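Labels run A, B, C and D following the written order; every chain starts at residue 1.
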C-alpha cells in the first residue's frame, strides 16, 4: 500500500474570468502533517485552500480527502475545519455557542456537546470564558475560539487562512508556538496559508511555495531554504539573497558578469543563477581559504540587531553580506571602505532561472 | 294609500332607531311617537320573521350626513345584514370609484348627470322595480326621469337646487340674484372677503353662465372664456371656494355672509341637521336661502346599483325600505333634504318650506346639468384651473 | 463671538418652539372641555371618550396594524433578497438596477398612487385590503432595500462560509447565521417599512375598497371635511401616542444595536 | 445524487443563477405593481387606451401638446416650483443655524439636542399637518393671544393661503434639511476652522470661506430631500390651501378625479415624472452617486 494522503489535488485549475488563479496544481498532503501554502498575495494559495474546503469549485481537476473524491461534495458534507483570515466568528453567539455550532449541526446530544466544548476549551486554554460575547475577547482569545470552533468537530483536515495576520508581533509569535503544540495534541492535518515565511518556517513540516497559481516547490523548510528549486523561491525565502546570473562553463563552474564562480557540483546546463545566502559570505579586509573571492566597496552598513547587513558594490552589482557575531560588531566597515568578500564553493548553489 | 301595517313598521324603525341613538335630539311629535311605541315593539318582532332572507352583507356609498343612520342600523339588525356604510364628499369621489366597475359597493347614491355618464360606461346594474314595491309611493314627477328613462338604472333618492345661502341679519338688501355675488357695486364689493362660491366647478360654472345668460352646460370656448373672466374678476373679493363642511361652519360662525350652497345644507343650518338626531324646530333664524331670480341648477340624487355588486337582493330591499313613506319622512326630517316618497308624512312646516321641498313649479323652470364627455370636462377643467392659478 | 453664540442659541430655541408648539397645543386642546380652539376652559376627557367609543376608530386602528404587519413582512423578504443580490454579487446591469430601485422613492406619491389605481381598474381588480397592501409594498421594497444595503456594507461573508465548513447547509446557514447577524438591518428596515405603511395616506386613499379604512384615512376624512375640531384633536393625540410608542421602541432597539 | 442535489449544485456553482433567484421575486413584484402601472399611464398619455379601456394602436401626442400649450397648467407648475423653492430656502435659513449651533456650539448632550429635534418628526406627517392647522386657524389661541396683546387688531387669516401651504411645508420638511446638514457639519474637520483663524480670518470670513463651502454637500443633500418631495406635494395644499393654492399634485388629481380625463391626466403625470427624474439625474451628475446615499 502506498502512503496515506489526507488531501490530494490533481491538476486543479480555477479561473476567475480571464485570470487563472490556480494553474494545474498537484499536491499530496500527508496525514497529520503541518503543511503550509506560502506565497505572495494573489498567488492563488487562498483559492487553493478554498478549493480544498469546497468553498470554491475547481474548473478542472480532482480534490480527494483521504483518497475519496470530494470534488462534487459540498462544503458542509466534507469533514473539514477552517479558520478564516478575519476569524469569521459568529457575532450574535457567545464563545460556547460559537464552538458548539458545528456539533449542533452534527446533531450531537446536548451533554456530549458540552463535554466536547469543555475538552477543546482546555486544549486552546480558554476555560471559563464560555459565556463571554465575542466582542469582549482579546484578539488572541478570539483566535483561540476560532481554532477551537474548527477543531471541536474533529475535522479530517484543518485549514487555516492566514489566521494570525491581524495579531501584533508578540502575540503572533506566541500563537505560532501554540498552534504547533495544538497540532501535535490533536493529531490532525493542518493546512496553513500564509504570506509570512517566518510563520511557515516555524511551524511547518512541509511548505509549498506558490506563485501565479503554480506550485514552485514543495519541501521541508530547510530544503526550500537551502535548496530552492528556482530563483523565485530563492529570493522569496529568507531575508535576502544574492542571485547572480550566468552560464555553466563546466560542472560546478559558472561564468557570470563578476567572473567565474565556483559552486557545489551540480549537473545543469545553459543559463543558470548562482545563489549565495548573505550569512554564508565572509567580509573582511583580507580573506583566506575561500573558493570565491571578490573585491568591493561598501555602500552601506546597516545595523540589524543580531547582525550587520553590508551592501557591497562589486563591479556594479550590489552584494549583500550578513555579518553575525558579537565580536565583530565593534568593527564596522564604513561606506566607501574597500573590502574583500568571499565564500566557499559549497555555499554557492546553482539553480535554474525561473521562467 | 299607505296601509296601517306600513306605518307601524316604519314607526317601529323610527322608535327603535331613536332608542339606539338616544332621544336627546327628538324635539316635537314626541307624543305621537310615544303612543305608537307599544304596538310597534310587538310588530317589529313579526317584521323580523317576515323579512325575506337577504345576503349577509351590503356595502353602501353615500354622501356624508345624508340619511338617518339609526334607521340604517335598525334595518341591518332586523334583517341580519352587515352594512358597510361609506361616505363621500364630492361627486368626483363617487364617480371615480363607480367607474372602475370593481368598486365593491352594492348600492350608491349618484346625481343625475354623472348617473348618465356611468350608465353610458356600462358600470351600473339594472334596477328591478318589481323588487321595490314601495316605488309606488314615489310621486310620478320623479318616476321615469329624463336622465334615466324607464328607471332602468336608478330610483330617486332626493333632489334640490344650488343657490345662495346668506345671513339675513348682516346682509342687506336681501340676496335675490346672481348679480349680487358677481357685481362689485352690489353685495360682492360690500361684503368683500365674506362670500364663497362652490368648490364644485360644475356649480360655479353654472352660476356664472346663468348670470351671463348662457347655457350653464356650455362647453363653447367663448362661453367658458367669458365665464372664467367673470370668475377671475370675482375671485379677489371672495373668501374662497367652499365645500359643504366649510360653508356650513362659516355661515354658522358668521365668517361667511353669502355662500353658494345646496338648499338642503342651508336648511340643515336653519333647522339643524344630523345623521342620528331628529330636530324639527328652527335653530338659526338668521340664515336664509334664495334661488336667484336668473335661475339656478337643479339636481336629483338617485340610488344606483354599481356593476360588480354582490348583494343585489339586499340592495333592492334597502331601496325599498328607504322608499317606505315613513322612513323617507324620518330621513327628511333628519337631514333636511327632501325624500319624495315621504312628503305626505313630514310635519307641515317642513313640507311647506320651499328651502327643503323646492316648489314644483320652480323646479320646472330651473336648469339641469347635462353629462359631459371627457373632452368637454377636460376643456372646462383647463379654464377652471386657469381660474385657480389666477 | 459671544454675540453670535447667543444669537444662535436663541434662534435654535425659537425653531424648537416652532416645532413643538403646534403639537403641544393640539394635545392641550384635546383635553379642553369646550369646543373652543382659543380658550382652554376646563380639563375634560370627553373628546377622548368620544373617540374611544367610536368603533370606526378602533376598526381603522386594527386595519392599520394588520396591514402594516403584512406589508412589513413581505417587504422585508423581498427587500432582503434585493439587498443581498446587490451587496454580495457583482453582475451586469447592477447600476441600472440600483437606480430602478431608487425610482419608487423619488417619484411623487400622488402620481404613483393614481397609476396603481388605474392599473387596478384596467385589470378589473376589486379594491380592498389586498390592493392597499400591494400598493404599500410597492414603495416599501425600495426603502427596505436602501436601508438594508446601507447596513449590509462591510458584512463579512466569511461567517457564512465558516458555518458551512462546520456542517451547516444553505438553509441552516441562512436561518442560523445570515438572518441573526442581519438582525439590526432587518429591524431598522422593518420599523421603517411599518411606519411608512402605518402613516400612509395617499396610496391608501386611492387603492382602498368599501369599508376599509386605516387610521390616516379616518383622520384625513375628518380633517378634509371639517378642519380643526376637538374630536380630531383627541383622535390625533391618540394616534400621536401610538407613533411615540413606536418611536421609543425604535430608539431603544437602535440604541441596543448601536453597540 | 437526487434531482435536488443536482439542482443545488447547479445553483451553488453559478453566481448568475443565485443573483437571478434573489432578484426575480422582488423585481417581478416591482415590475408588476410599480412599473406596469406607469406603462398604463404611458399608454393613456399617448391616447392608446380608449374610454372602454381597450388598447388601440394609434399613438398620438395630442394630450401632450394640449398640456404643453395650456397656460393654466404651466402657471400651477411654476407655482409648485416656486413653493418648493421657497420651502427649500426657508428650511435652509431656519435649519442651517440650528445644525450649526448643535454641531459647533453644543459641547455636551449633542445627542439629546438632535433627538429633541427629531421627536416632532416621529409624529406622522398627517398629524403634524393637522396640528399646524390648529395654529393657523382663525379661531386658534394663537390669534387670540395676538389679539389680546393688541399686536393685531383683526385675526390673521393664514389658513387657505399660500403662506399656510409654505409654512406647513417648512414645518414638515425642516428635518430633511437639518439632518444631512448636521451629519455634514459633524464630519467637518474642526481643526480647519482653527487653521483658518490662525491664518487671521475672523469668524465671519471663516464661516464664508471655510465652513460654508465645506458644508455644500450637506446643503445639496438637504436640497434634494426637501425639494423633490415638496414639488410633488398633494396633501398639504389640499388641507391648508384652497383651490387657489393648488400645486401640480393637485391638478393631476383634479384632472384625474374631477374632469376624469385620464388621458390628459396621464400626459401631465408623465411630464411631471420626467421633470423630477431629470432633476435627480442632473443632481447625480453634479454631486455624484453618493448624493443619494441617505
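In the analysis below, a residue touches a chain if its C-beta (ideal position, glycine included) is under 8 Å from a C-beta of that chain, and two chains touch if they have at least 3 such contacts.
Given the structure is predicted, the values throughout are model-derived calculations rather than measurements.
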{"item": "Any chain in contact with subunit B as well as subunit C", "value": "D"}
{"item": "Where subunit C and subunit D overlap in contact partners, by chain label", "value": "A, B"}
{"item": "Innermost chain, taking as reference the mean of every protein Cα atom displayed", "value": "C"}
{"item": "Averaged-CA centre spacing for the pair subunit B and subunit A, given as whole angstrom", "value": "92"}
{"item": "Euclidean distance of C-alpha centroids - subunit A vs subunit C, Å", "value": "55"}
{"item": "Inter-chain centre distance, subunit B versus subunit D - centres from mean C-alpha coordinates, in Å", "value": "40"}
{"item": "Chain centre separation (subunit A, subunit D; CA means) in Å", "value": "58"}
{"item": "Touching two or more other chains - residues of subunit B", "value": "99"}
{"item": "Multi-partner residues of subunit D (each touching 2 or more other chains)", "value": "8, 12, 139, 256, 262"}
{"item": "For subunit C, residues contacting two or more additional chains", "value": "121, 224, 227"}
{"item": "Touching chain combinations (by label order)", "value": "A-C, A-D, B-C, B-D, C-D"}
{"item": "Of subunit C, residues touching subunit B in the complex", "value": "120-121, 124-128, 209-211, 221, 224-227"}
{"item": "Of all residues in subunit A, those that touch subunit C in their complex", "value": "53-55, 74-77, 80-82, 84-86, 88-92, 101-102, 105-106, 135, 149-150, 153, 159"}
{"item": "Interfacial residue positions of subunit D with respect to subunit B in the complex", "value": "51-52, 66, 70-73, 75-76, 79, 138-139, 160, 242-244, 246, 251, 254-264"}
{"item": "Subunit C partner contacts - residues on subunit D that touch it in the complex", "value": "8, 12, 15-16, 18-19, 22-23, 25-27, 29-30, 33-34, 36-38, 40-41, 44, 49, 53, 94-95, 97-98, 100-102, 105, 115-117, 119-120, 122-135, 137, 139-144, 159, 171, 174, 203, 228-229, 231-235, 238-239, 248-249, 252-253, 256, 262, 265-266, 269, 272-273, 276-277, 280, 292-294"}
{"item": "Complex contacts: residues of subunit C adjacent to subunit A", "value": "156, 158-159, 161-169, 172, 176-177, 180-181, 183, 259"}
